[in-house]
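One chain, chain A, appears in both complexes that follow, with chain B as partner in the first and chain C in the second.
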Partner chain A sequence: MSIELDFPAVLERWPNFVGGAILTLELAFFATVSGALLGTLAAVGRGTHSRLIARICKVYVEAIRNTPLLVQIFLVYFGLASIGLKLSAFTVAVVALTINVGAYTAEIMRAGFEAIPRGQIEAAEGLALTRFQIYWHIILLPAVEKVYPALTSQFVLLMLASSVCSQISAEELTAVANYIQSDTYRAFETYIIVAVLYILLSLVMRAGFWGLGLVLFPRRRQLGTPL
Partner chain B sequence: MGGHLNINHLLFLGHGALWTIGLSLIALVGGAAVGFVIALARISPLKSVRLLSAAYVQIVQGTPLLVILFLGYFGLAAIGLQTSPLVAAGASLTIYVAAYLGEIWRGSIQSVPKPQWEAAEGLALSRTQRMMKVILPQAVRIATPPTVGFMVQIIKNTSLASVVGFVELMRSGQIVNNSLFEPFVVYAIIAAVYFAMCYPLSLFSQKLERRMGRGSVNPALA
Partner chain C sequence: MQQTASPTPIVSLRDVQKSFGSLKVLDGVSFAVERGEVLAIIGRSGSGKSTALRCIDRFEKVDGGEIIVCGRRVDLPDIDLRALRQDVGIVFQSYNLFPHLTIEQNITLAPCSVKRMGLSEAKALARKVLAQVGLEEKVHAYPEQLSGGQQQRAAIARSLAMQPKVMLFDEVTSALDPELTGEVLKVIEQLAADGMTMVMVTHEMGFARSIADRIVFMHRGKVHETGPASILTAPTTPELVQFVGTGNLKS
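Take a look at the complex of A and B:
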């Protein structure tokens, strides 16, 4: 029972690792931006007076949150192909991840909306703000500020979950690892390096979101204190 | 191309679904046992124990489950153990689940109101007695809804065990699809089965949460 680890043999493939890490970040970026939009729309939709729209949004959120990402990716992959859409693996991965993270974002945003005191909205109505102004200034921005920590950890989880996209051969970090390990027969070393890279990526994302938070919410107050 | 979906295919999928439940239970039991130790270690009076357990949680939570599965699968082989996919998947999921359950339970233990700790101390209970008789019984109540909610994550995540060759629901779906080549139909059925397993748990977790009167307060915000 002896372990012989040979990291140099694997590390000389570093350009592939870096390329995979960059693609993982790109996947995470596109899916985060579009997923945040989709999720916010779904959260707004769940709160509308239209029964039908609220119902559709609820079905979307529950269907996604109660099935595995791997199944969703395959469904999108084969679903788009069966209606004749030939898209690259990267595009399919972004679409599937967007649909996935949109549902989680919707739940988080809904919690944010529910945390807005009713009096704030009534006060805004009393000041004759338009519906759009109320939604933007009184509901959406304060809600985002409240759920920002939950949102950002969801987006970091999304970056980690994007590893599943290797199963439809999107060339992100895990796919690169699968390829390198089958080339070098150094599976354990390869995945240790990849694990370290993912930890670094999640640290980078956390730091990025922390910085973004400082810029977006300069009057950041202690969480839990009223607005 | 092998004909149409028939009863044998469905039986095969059903068999896979049973293994999904089995693997979920293995991950839950193993993860709960290790996670409980992690939760206690995270609030240990010893700084080194706190740091070690915090590092464990950070490392596992910063690594995708897929990579942990590959590490488990190839790692056990690298130290010369003959591994079956079941052992590799069970061990990897245990490591993964423990990090998350450990954090959930640490939060639950710490959200038991401070005066309870102080009162127990004032009654001259030892640290073990305080934990067992005062804190943990109350923490269990707080921890139940998020733990049930996390069981949904466990069931969904067992689908990744398919990539190391463990024949659970997802893998059996892939095998059926290889003979039928009707991916959309097959994966839609798979999705429906996962939904049937997860949705009741989600509803139960929400119900427990409401009963606690804590609303849908996100633990990340507390």
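Take a look at the complex of A and C:
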């Protein structure tokens, strides 16, 4: 049994691959930013004194963590359509991915919040800072710092999982690949190229998070402590 | 500059009660601190001395009794906590500096965000309070680059920057070796000489004797014996005799 690979036949479609890769990065970028925000709010919500808010946040996190991403995407896609909201596949994908990664972010951030020693908060209270100021200045950044590796891995995973959005015809990398392979009948070559492109995208994201870490945690930079 | 004859005390506790579950920690505690006075609270572990101190800054809510700090009823539920804590500075055993901020940022944070002070003014203030504790050269260092004694002095400076009317010290040298303890105590001594009103929970009997205007000896949730520092050398109750006799009194 021998395999004949014909990469040039597939590679001549490179503008489509590049377009798909860029769209995947855009999906990941928007979902990461809004998912980080949503997840942080949900983590704060789970720690509030309001039982109702804490319960809502818990139900959200558990519902998302125990259902498949594809089902969530379909729910958002058909759900928004059935209430008359006509959104592009890209927008639907960003919304669905945000909701998904928000739940995982909430769990990671909760671990980060819990790792902040009680004494830090007492010291801040003793200095008359408001609750919001304490969260903003004392809790948030050190909490993110403690869980930064877990957090960034989750966002890279999100980028990889966004391939599922091909199912609602968002024109991201996997959707482009499906299209090219059905056009060229060169499925193996197509997906090898796609796999390499995903690896490159992961490396790009990890480099981005590394740079962001240098900005967010100047103490690490100054003292040379690795994250 | 002592003004012990001031009419209303800065801090006063009257018949304060506090329980953790079924454990009665404070059982009718009363004492008062006048302006410029240094009060040392001593006693065994579990005698309620730290709890009494923390009630002053309302880190513990009391079950009964009355606490007045700088004219505010701290025991009432509608207390303006932030106003209270601008008047009261507290320093903890574990320093609790913010690890992600430089010493300067640790100090300027509260004046800038609570008192809305401008950054350059706050930085000048940071230098002033750091000079007071002898740490000017550490202004841009991070807490983890400092020794325990230096961290505790920085924590004192951070409190001073809010210009409190009274300072609370909760066993601030208990985590330090004797040498580092000495440098922290020197700072507190200077504060006392400058007329700062202070309440300190301490295990340093020699220090309490030399600096405190008054001693409160707590035993089983009650103020068991109180008086001038001389009660440490001439205790009247058997419990205090035993407490200072167990090798606690060393200078």
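In this section, the second predicted complex is superposed on the first by the 220 of 227 C-alpha atoms of A that agree within 3 Å, B and C clash if a C-alpha of one lies under 4 Å from a C-alpha of the other, contacts with A are read in each partner's own complex, and residues count from 1 in each chain.
Here is the rule we use: contacts are C-beta pairs under 8 Å (C-beta built on N, C-alpha and C of every residue); 3 or more make two chains touch, one makes a residue touch a chain.
No experiment lies behind these values; they were computed from the predicted model shown.
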| item | value |
| --- | --- |
| Combined model on chain A where chain B meets chain C, clash or fit | fit |
| Which superposed partner A:I180 touches (first chain B, second chain C, both, neither) | neither |
| Which of chain B and chain C A:I139 touches, first, second, both or neither | neither |
| Between chain B and chain C, more extensive residue contact with chain A | B |
| Touching partner for A:F217 - first (chain B), second (chain C), both, neither | second |
| Partner chain in contact with A:G119 - chain B first, chain C second, else both or neither | second |
| First, second, both or neither for A:A103, with chain B first and chain C second | neither |
| Which of chain B and chain C A:L127 touches, first, second, both or neither | second |
| Touching partner for A:A170 - first (chain B), second (chain C), both, neither | neither |
| Closest Cα approach, chain C to chain B, once both complexes are overlaid on chain A (Å) | 17 |
| Shared chain A surface residues [contacts with chain B and with chain C] | 223 |
| In the complex with chain A, residue positions of chain C that touch it | 57, 59, 81-83, 85-86, 88-90, 92, 94, 96-100, 109-110, 113-114, 142, 144-145, 155, 158-159, 162 |
| Parts of chain B lying in touch with chain A, wherever the complex brings them together | 58-59, 61-68, 70-71, 74-75, 77-80, 152, 156-157, 159-160, 162-163, 170, 173, 183-184, 187-188, 190-191, 194-195, 198-199, 202, 215-218, 220-221 |
| Contact footprint of chain B on chain A as seen in their complex | 1-3, 5, 62-63, 65-72, 74-75, 77-79, 82, 108, 110-111, 114, 146-147, 149-150, 153, 160-164, 166-167, 174, 177, 181, 187-188, 191-192, 194-195, 198-199, 202-203, 223-224 |
| Complex contacts: residues of chain A adjacent to chain C | 117, 119-120, 122-130, 133, 137-138, 141-142, 145, 217, 219, 222-223 |
